[in-house]
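Please find the structures below.
In what follows, chain A forms one complex with chain B and a second complex with chain C.
Moving on, here comes the complex of A and B:
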């Protein structure tokens, strides 16, 4: 902006203010409907747009992958150039110039994402403020179960149509939802209860093997367990049972370690739980009946997107209710001062035990889903690396917060998928981000925030008032 | 702020105008590589990538891959599987459904190849794992192949070799119980040995766990068991520890290994203690002739070290893919049809002349090929000793 043109400056500020104001008036319903419109648009016109923009294919994962690929190309090229220039100064001959990757995707991908996602969502959201708020208001007057289910169906539709376009998107989405469940269940222990537990991959492994054994014994012709006991069409009906069995096995494991370890405090739980992780791993490695180190394969293909979505929603719902209940508040009290909580008639031992088993249960269910998405489990998967991953998601997103866990799990999953092209440097970038978060927000991005579904879904504007 | 927006917009428009046009590009053949570039075994990933890049350089120099009368350029899609099962599955899904590759080469280790093979088979995409020796990788999967022999073959080969060469009757085995490859091979060896010499002829069957570094109690047992030979199918880092500890305990019996010894690191870490020992593998670098020698020399010149078996096997896998695509005759451009064609061509390959030996494929996707017994020479080189064929 030039200083002799103050009107344009003012104009611009007012415009920005207006846009911000209008965006703040859009209810969640508006955004969801906008997203639905966007994915339908992509479904219908995506291929034409890909052709018109002369792209290779639809950008998956919102184009981040393609952009990362181009960035990598330029960085690597840049490095080569530096080497060449260095050689030139050292007396070598100049050879080679920076070339553009063929085909160079970034601008086209950006345009695609802008046209397909950004524009429809923003336009739809801002243009339908009044009707969307009116509808949100009507929905909020219904019983909350009905309106929430309505919203969830809408959300699922968006995900389904989006994931329908390539199996890779569906796979990434399912793994992300499972990561959300895992992160949330660890947050119950590490965040809400304030203990540092390292046994989460162990619970996950117990759940994965528990659920796999049930489904493989019942529905798969397997060389370890023999022929299927039940016909295949019953499998979807038994799958919830298998997952609950997995969760129960994990809870039982949690009980075994809780009894001795809750006599100790702080660091000792961390050490004991770490030991538990290794015990579980060695146990499975030496159990020939479930395949030992070779792993167990042959799980039927049961963990489709709707199934994973339903379980993820169930998990978020129950954990959110749990941490907002009296028991959850008691848990926070125990974390802040166990002695004081005890004096205030909180049964600290029982509270801690319940929360620990509860967290382990959901980790087990997530493990069961994981095994059925992968359709193969081996003990090596559930080692220290998995632990580091889950812990990173919890601490990145934020302690003591359902919001935070969702944000942490989604962002780390998305990042680790999108930064694939950087290979080794991916493991520099993500930890670096984590360090930055720890420095500037020591408790994570969104910590200590309550997740109140009703306030999230409520209309952002009184329908009677003027826009 | 607004200025920046204009600049970005202008850039977008400009680059759109300047970008190459669709009809200027020939439709390329896409090959996916699923390799452990990061994680536990990055050296394996590196060998895979280098072999693949050498292969691509060859194709580029020839002006493309000739199918029928047309020459197609080749694009490599190299994905990192982080040496993790779930990541290998994601990488395969991405390669198949997002990048729409024609064939996948990789993953190398069985723990990734077994679940990744499931994905490839479900999507009817031919996949060839150069290094995975687990029978489950290709079992009941028409679209999954491998480039190496299997453990049930390698176990008897070693048992026969020891019996014929040394005339021993009693053997000891030391293996990692937590890792699927050593465990499987140890069991196959035991089975084969007992078939030759009767029950109880494996006098010590000792195990340890991954990352163990002290083997003295196991080695004491082995020494006292009266075994004449020790078989240990371990990876290079453990081999060095086991052999050195055995020598320092005065164990004089020969120690025999399997193809996991084949890394260049084995001799580096183990030093003189390993000289004179035998192991079975896919190819012998020292004293190689013909195409094998040409490959080794080229690789060493370009990357500075002698390729280990992973590099050679990956090279062979890519050459197999190449010959399958070529014998396809014609690419329709419809990916499902082309994949099926390549799959059928792969299954029909007879007497393929690879640098790791001749290969003939069976309908199960496993090659019939010879194993090589290698002796570690007094100079620390892997010398060809003899070749054992099925």
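Moving on, here comes the complex of A and C:
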């Protein structure tokens, strides 16, 4: 590996090339099965490993939280601690006074993640290239609805078993899925349509309150709304309805913005939608019937992981369908040159209106889910900070890209969980990162890429060919 | 009865009369030219007929129905296709997407199809793709089908605009300076392409052009516009020999 030794360098390069080549042959199916193996392994042996490594507890989000805590520890009161460790390694001074700092978990966490996730997934993926590709090939020959549902069940199993290990994981996973929905629906407006809308948290609030009012009135004994109208066992059946009501309320709000602001182009929408965000917030704060600034609580426990997962899939599916149809691509045409779009028979006003209401609808549904995961909403949640978060996810992940929105939402969600120990500094680090992305990739990480499910899932290797 | 009729159309920009008492008749399949010096109001006439501006006075009839006051997309859907003087393409879209987009008004699958990917949508989209393929081949841009349109050479971009306009299946095609910025070679190519489209689809053509040779060779009828008014109208020979036109526009070039 040293540069002054050409043969070993060559050897290293060849090795690297081989590894890369083999990794590129693993189909999605291989990775998913590997992940399933890893989470089952963790379910069975995770606790023993935690004991064996003498860790405080199982790393919840791939250990990022524990690592961030250690980093914080060093940054905040680290120097003297560093000196102690230095002395320890310098040797000799083992008089029993010096101890390894208690929060220092990073090596053990990394080892855990390596043993439980990285190693099983990588080994399984690379060792099953042939059978996995053969199976992926067989699956791709089925009707696409069947094979996609098969993959989704597999993905859900991985998530379910993983989230089963702690309540925190379940919470974080559901919030991440909701973030994906929000990001994607905002990308329809800010990316595909190319307008700058700031009202997304407002739509989310409308959806959250809309859906909450339905479920609380029907199924909860509440101080504000009185006794439950329907027996509790009906609640899961009515939950989709409640979410759709939430989405419809948000769409109605969007209509109020769209009518005045779509007559013109430019900054008007940004200004009007920002105003709308504040109007919604103060409206809710002053509506005593929904609890005012204290918020609304008592939502029944309906947003379980399978429910949130299903809605997220539905959201991704319909939005991806929409933006890949000519009707949806008309948004790009309107964004790039509205006069030309109009002259080519595109009904530009209807196109913009549809997309805006559609985006708002999904933001509303995401809001409804959010309220039922938390089982409490208050208006302060849906302010500028939420707006900054969603915008960061959209612009970080990439404009005009379903793929990018998923990546953006997941990575910013993970990052903001990881940065939780840094408290306020989280809001220094995330914007800083965003600025860097804007400088080096102005349209985001994965912009202007079509998300074709079939090509993502297809086998990476012809089953007849040699490995 | 003519395919496109314009009766005594006038248009004011504020206090300025940009177009005065303009009339036009285009029969199905006819190639009609509009010439005139810069600022004469040629593009304004295009924008008036295609619905971008609304005329102050006068009537415009397409297929014997008035189209005054309709939105541009409605007029386009009734069979009026156009290209633009300065290319107006969609910078993030591929050539194939451009051509398919112009079939927007032909799609009937609606929002249900767009959101849920119904079989009807699949059928209509693939039909649209096939028609787009034929047009791309006809205009020689099929090898760029999946490229972003900005990466194409200039002449090819012009041809994409033509293919896009033809995908609307127009009865009449408006070409706003189709040879602007082209070298003589590309100009001959463009002339050939316009002739081919005209022959194949029997579409009526109304074109604005500066290059005399081009206009004289292609058009059956020519109007000369100066300061918003038609000063001469007739066949290419009549226009070439009209002293008013020579004086106002052609100058010594054509006198020789």
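As a convention for this text, the second predicted complex is superposed on the first by the 437 of 467 C-alpha atoms of A that agree within 3 Å, B and C clash if a C-alpha of one lies under 4 Å from a C-alpha of the other, contacts with A are read in each partner's own complex, and residues count from 1 in each chain.
The rule is simple: contacts are C-beta pairs under 8 Å (C-beta built on N, C-alpha and C of every residue); 3 or more make two chains touch, one makes a residue touch a chain.
Keep in mind that this is a model prediction, so the values were computed, not measured.
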Touched partner set for A:375, first chain B, second chain C, both or neither: first
Which superposed partner A:400 touches (first chain B, second chain C, both, neither): second
Which superposed partner A:325 touches (first chain B, second chain C, both, neither): second
First (chain B), second (chain C), both or neither touched by A:450: neither
Touching partner for A:297 - first (chain B), second (chain C), both, neither: first
Greater residue coverage of chain A in the superposed arrangement, chain B or chain C: B
Touching partner for A:47 - first (chain B), second (chain C), both, neither: neither
Touched partner set for A:110, first chain B, second chain C, both or neither: first
Contacts on chain A seen with chain B and repeated with chain C across the two complexes: none
Residue ranges of chain A in contact with chain B within the complex: 1, 12, 51, 53-54, 57, 60, 102-104, 106-108, 110-111, 166-168, 171-172, 175, 281-282, 285-286, 292-295, 297, 370, 374-381, 385, 417, 420, 423-424, 426-427
Contacting residues of chain C [partner chain A, same complex]: 50, 52, 71-73, 76-77, 82, 84, 88-93, 97, 100-105, 107, 109-111, 113-117, 121, 125, 128, 164-165, 168
Residues of chain A touching chain C in the complex: 318, 321-322, 325-330, 332-333, 335-337, 339-348, 354, 358, 400, 448
Residues of chain B defined as touching chain A within the complex: 1-2, 11-12, 15-16, 19-22, 25, 37-38, 42, 79-80, 84-86, 89-91, 93-94, 96-100, 110-111, 114-115, 118, 123, 134, 136, 177-180, 183-184, 209
